[in-house]
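Note that chain A is present in both complexes that follow, paired respectively with chain B and with chain C.
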Partner chain A sequence: MKFAKIIFIIFALFPFYLSAETAEEQGLRIAKASYENGRGFTDMVSDQLMILIDPKGNEVTREVSGKTLENLDPNDGDKSLTYFKTPKDVEGTVMLSHTHISDDDDQWLYLPALGRVKRISSSNKSGAFMGSEVAFEDFSGTDYRKYEWKFLGEEMENNETFYKLESYPNYENSGYSKRISLIDNLNRTYKVDFYDRKGELLKTLYLEDYVLYKDKIWMANTMKVENIQNKNITIFKWLNRELDVGINKKDFEKSSILRLAD
Partner chain B sequence: MLKKYIISFLFVFLQYLVASQNAAAIDYKAYGFIQPEITTFFNGDGRHDQSNSNQSIFVKGTFITYLNNGDQKITINTTGRIDEKDSERSYIDFQKFKYEQYFDDITLKIGNELIFWGVNESFNIVDIINQSNLAEDISGTKKFGQPMISLNYNHSYGNFDLFIMPFFKERVFPGRNGRPRLALEVDKSTVAYESSSKKNKIDAAVRYSTVYDDYDIGIAHFYGNNRSPELNVNPLSQKLDAYYPILSQTSLDIQSTKGAWLYKLETLTAENGEERHFGIAGGTEYTIYGLRETTSDLGIIVEYTFDDRNDFAFNNEGVLALRWTKNDIKSTSLLAGLVADMSGSSNRFFAEFEQRIRDDLKVFIDMSINGEIDADDFTYAFEEDSQLKLKIAKYF
Partner chain C sequence: MNLEDRIEIFGKILVNHRIKVILGSLLIIFTISFGMKFLETPSGYRGFVEEDFKYYKDVLDLEEKYGNIDVLTFVVKPEKGNIFQKDVLNLIHELTEISWQTPYSSRVSSITNHQYTTVDGDDISISDFVHDVDSLSTNEIANLYNAAVLEDAVVNFVMSESGKIGLVNINLEMPEDIAFQEPISFAWEQKNYFENRYEDIFVGVAGSAQFSHNFQSTSESDASKMYPSFLLLIIILTYILLRSVVASIISLIVIMLSILPSLGAAGWLGFEVQPPLITAPIIILTISLTHAIHMLSIGLTNMTEGMTKNDAIIESLKINFVPIFLTSFTTAAGIAGINFGDIPAYSEMANTVVIGAGIGFILSVTMLPAMFSLLPINARKRKSYVLEVLKNLGELIYKFKERFVIVITAICIAVFSLLPNLHFDDYFSTYFDRVPEWLEVKNTVDPEFGSSFYIFSDMQSNEPDGITNPEYLKKLDDFESWLLTQPEVADVSTISDVIKTLHKNMNGGLDEYYAIPDNKALIAQYLLLYEFSVPYGMDLKNQMTADKSDSRILIRTNNSTSMESVAFNARVDEWVNENISPFSTNGVAGIPIMMPQLFVENTRGLVIGLLISFTFIIMVVGISLQSFRYGIISIVPNIIPFVLGFGLLTLATDMVTAAHQFAVLISIGLVVDATIHFLSKYKKALAINLPPREAIQYCFRFVGYPIIVASICLFSGFLFLTQSMFYYNFIIGGMCALIIMIALLIDLLLLPALLLIFGKKV
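For the complex of A and B:
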């Protein structure tokens, strides 16, 4: 009897809780679900192509390959190792990142021309990655906890309904004042508009070629960034992506950079 | 002679290793560049009758292969130069020619290797393993490969390295027609050593390094022939006689990375022959990212070095430099600054510009302008050597 009473109370309160979810809570809930959509990969290897296109249509292609180690501690970030293949003058460059959620990332760089491993500053959030339209924070800032969220409503685009979320970075030195994201009903991010520090639209990111890995993880294998202000376009493609390959944790330590270095 | 045998043996061994693999499965990387250079000197002919111009070609080639699922690695990294004027500057060096075997926590390495210790941008006082090639670059930052057997143990508390180094290599100085060069030639026939085994002395070093939060820390000890010889004027030959004492050096290097600020420190205490000396060098680097709402960065570097030997060339020097990186597709960057003896006896301005002009071509423009130098400063010999150098690298 007592048990039924409790059930009754819970049911009675349930609609109240639903309606009580604020736009901020709803935004956070969707952002968290979207983020968790891409989690559980354990580790990952891939080759990446970056195509830089200027307003005249001139194209250059950059190639890197990388490994990522998922941090099973939900309160700390992933580790990644990137090996640069082109342009040829940077061939052999290796970058190691230990990302953190609330703290600055740790980053080390091996440059063949110098022949030494350097710890570098990671406060360069808004800097361009290899002359592209992709900023460092676009890679390291994928964790939903790095932003404040707000649900703006639903929006139709290409005959599909998306959740529309607004987010504000809560870390220092961001190049953005806000981002507007469209997320589909499978919690996959479809599009993000980035606004610069002055509040003007800077660039739009499209995430395409979603592939379902391990029957539960959605990852976009193409990322296209159109800079609205300078009209440059960057296309990022992941090739040969493999998950859960069993990479040794020690590969992501500073001393292991030299195993990859020339 | 022994060295030649060992190198031949290593070569055959590596060939055997490669040949023993399934030929189709061998995965290797090979790349490099060729870099013609032209130098022009602003003050006409040099103080030692050197020419007012020079041409040179520098090459570098790299070959890497991993065998047995990445448990073994072979690295060959060769540099060389053909110089129009200075025969000492024409050379070929296997900077890396090594075989590595990876065990769970241990790395075994045999062969020629370049080992860099330190954190500073300009005064790398603790960097001791490799011999400098002063003909290649008078600053001493360009090094020769050092033959070694090395073990690395990767423990959760940090990394422990052991280096055993046979085959000492004498320092290479610019030749008679080199510019810049020392006031007198270094006599290669009179080289002397404190150690009775001379250049056959087997040198050794240990290093512990670790990362703790924002700190990268290294502690090391080196025992062996000093890479830097004492140079004494021989009154008969009017050349410099080189003497290599035994060096026993303990060093510490720390970098602290605090946001856009990097703090760097290198310090050492060493017994060089009969005398003990102390050195410290360090500074800071601050970077302004997104300079004036553009994509470019500006780094400000300030470093200072002190050594308690009065007769040591760099006993009280400072550097102030700016590094501008445009972060564009062409990777345009400019490093410019001032190096000064703080007692006021010499100073030098330098600028280094680089830009990718095609996917496989990069242009470098280096400028160095000497201020007035006191006659008793050892860099007085370079006073007239202000120069502009154009280098174009073609990558393969």
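For the complex of A and C:
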């Protein structure tokens, strides 16, 4: 009986052990796990479609292809190359980005019609690009270190239980006051609500078509962003995504894009 | 059985069943009045136009493509010097940041968050135009002006060319059917906060959002300020005219009860409480008051002459029933003519008054006699100086009838010659000039920026990615250059300005490259680059479509009159027709195009409405008098007040605005009333074989006093409307008061003389 009592007390106290972790710590833990879930790809190539849909249902499609190099330095961001394919007028335009965790990103753009590479430094790129509903910070924002996190609890949606996290950007010039993410039990982000600077729901991001790469990395091949305020929709699709293909690291150096202009 | 006998029987039934009549009336009145809770909050300038009005549809089309056109603007002006001073820039910076918190805001732009590009070879750096104000030296701050004045997107959009005024523009994305209350309250909180913190800096709230909100705020302030004091005025007036407390109470109850169901009916019909509707209760009250005064004063007179209370009121009913019916009818017919206009807010006001006139008539001949019969009334005999004066006047007119006609005719001809100085026109921007806060902001903004209002043009390339075509951009440039030559235009911003600036920045920032390059691919690539480096809320979605086929031109306007704007719009269409192909556009759209076109269409409609109403009224007068000759004679005293009124108007202005036109339709049916009373009495006098001289005296004795009293009531009511904060209400009130006073003089001085000369044959 005594033994049973001790067991009982241990079990009864168990939840207290769990709650010893604060909501902030728990949020950070889940966000970190979710982030790390997508790491370890080394490098990546893919074709991408960006589909813009206006409230009347008119569609515009833009095509790009991209290469990404994972930065194994945990204190710095990844490097990526984007090749623009359509519309025809921008074909051949190349963008090289070096993202950073705490500093502004570096960005070079090769404009074939000008025959030159332009380096663009901008402290504030929180605007939606190319007429889409997506801003740069939505991509770079996947790095959990750019936010303060808070675990809000669990939530059911479509018969599935998700972790519900709230996050606040800890960098200047963000277009958002907060984000609310739903993350499933495989640590995959399912949905993110973005709240604008005045605290109103601005848009919702849905991550779909998750594929397991290299038996350990989950990547969503469809991203759908619905702007609640202006009723526009943007869909990103990744086609032919391949990981760990052994891209030459030098391709991602500034010198390689400068060479395009010669 | 003739009409008078029927009315007598009706009167007896009323008196015998007075409690049932009163309770029945109250039941019906409160049922209808219940509709008041459905009265709708005004939707601002949008509620001023019909939903299918062509020029409003143009605005809606534009909004569907590029987002809402409404802007809320903070106007920042230091007492001394320009905005390039530490505290002013700090204020603008803080105000810009807090403006993102404005409910329904989508973009915020000001001199501080303007995206400024600096170029160093192939390095392009984009940052806020003003940041870290405190770290800047006085010299650096002063130099900012020289840089700012070179920026297309700054001058005339977020800063005046002189640098004296800075603006913080907040674009609003309002959901349908939501009023501007929330963003405006937020803006006023900020204005008060910042004005307190920075004592020597003026902060004002302007923009189309504030303009639109003024419709709501003036309605509210008019209702809360005007109604109580108007009621007091009516109480005093009623007592002076009736000299009986109980009779005054009866008339007050009846006129109040005619307002409630009118507004209730307006609610049931889904009307909006726009500023014009605020005038409806005052007009209804005034009209009902004249009926009540007619009924009660004759009732009281009858009592002083020894009749019992019930007989006195039945006799009064017999005398007044037909004239009250006729005058209510002509009043309603005149005001109903407003429905031929194109401004729903005025049609709603007119229809509310028409309903009120109907209810007023019904109550005057049912509830009023019933209450007269029920309540204890003591009639005191009045000494009447007025009657004495009128008697002498009658004699005077008889003696000098030709001279009266000649002198008044001469005056009319003289004043008539002034009429060509008038023309139909107005300034929509003056609507709220009587609101001190708005006027202050307007007087600050307009001299430096032209006006607070924008117009837009949707320029279509007719193919995807067509806006990167150099031909398209050059056409935009041509259009912009042409627009800038127009006096109605203060400044223009197009996507071609963005391309030219990019071209310059991509070529080392050299001014010689401030031009449109000839290479479509290059332009597309510039735009791609630009679109990758825009901050939050500054993307190009409000300037171009997602497929880059169409772009929007933004035009800041100068204050122009409606006719100037309409002519400008026609010139734009002409230029577009001749020059725009192979591209296309529907011309320009926006508040400064829509409101003037509304004015023109409304004027056209009201002229027709006036002709129909006037013809109808004259026919009613002729038929009721059963005389073609009197019908014709009645035209003279009913037209002269308008000729004289508008002649006198030339002393104040040369513009006949929509408000003046409404005033004509509102007063025409009221002016006729006195003529009806006078002519019917004159005819009656001749019918009992009185010679013309006696007949005139008969008229003066029986209707002279009521006509004067009714005119004083109407005059006071309309004069009271000039207290309104809404400029049109002010004009309507002043104009109607003037016309009614002139009409009274004409009815007393000219009409008798005319009847003596031309009215002999019956």
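Quick notes
We take it that the second predicted complex is superposed on the first by the 238 of 262 C-alpha atoms of A that agree within 3 Å, B and C clash if a C-alpha of one lies under 4 Å from a C-alpha of the other, contacts with A are read in each partner's own complex, and residues count from 1 in each chain.
Keep this in mind: a residue touches a chain if its C-beta (ideal position, glycine included) is under 8 Å from a C-beta of that chain, and two chains touch if they have at least 3 such contacts.
The model shown is predicted, which means the values in this text are computed figures rather than measured ones.
Steric overlap between chain B and chain C is present once the structures are superposed on chain A. When the shared chain is aligned, chain B and chain C each come close enough to touch A:Pro87. Once the two complexes are laid over each other on the shared chain, residue contacts for A:Glu253 go to chain B alone; chain C is not touched.
By the touch criterion defined above, A:Lys231 lies against neither chain B nor chain C after alignment on the C-alpha atoms of chain A.
Legend: residue contacts after superposition of the two complexes on their common chain; A:Lys216 is shown touching neither chain B nor chain C. Touch criterion met: A:Pro112 reaches chain B and chain C at once. Contacts of A:Ala128 after superposition on the shared chain: both chain B and chain C are touched.
Note: residues 52, 54, 60, 87-90, 112, 114, 116-117, 119-128, 131, 173, 175, 197 of chain A belong to the chain B contact set and to the chain C contact set alike, using the contact criterion stated above.
Residue ranges of chain B in contact with chain A, taken from their complex: 29, 31, 33, 62, 64, 73, 75, 77, 96, 100, 102, 105, 107, 114, 116, 118-119, 152, 154, 159, 209, 211, 214, 216, 255, 257, 259-262, 287, 289-290, 293, 295, 297, 327-331, 356, 359-360, 362, 393, 395-396.
For chain A in complex with chain C, the residues that touch the partner chain are 52, 54-56, 58, 60, 84, 87-90, 93, 95, 107, 109, 111-114, 116-131, 135-136, 173-175, 196-199, 229-230, 232. Residue ranges of chain A in contact with chain B, taken from their complex: 52, 54, 60, 86-92, 104, 106, 112, 114-117, 119-128, 131, 173, 175, 197, 250, 253-256, 259, 262.
On the side of chain C, the complex with chain A involves touching residues 64, 67, 100-103, 105-106, 115, 122-128, 173, 464-465, 468, 506, 519-526, 528-529, 531-541, 544-548.
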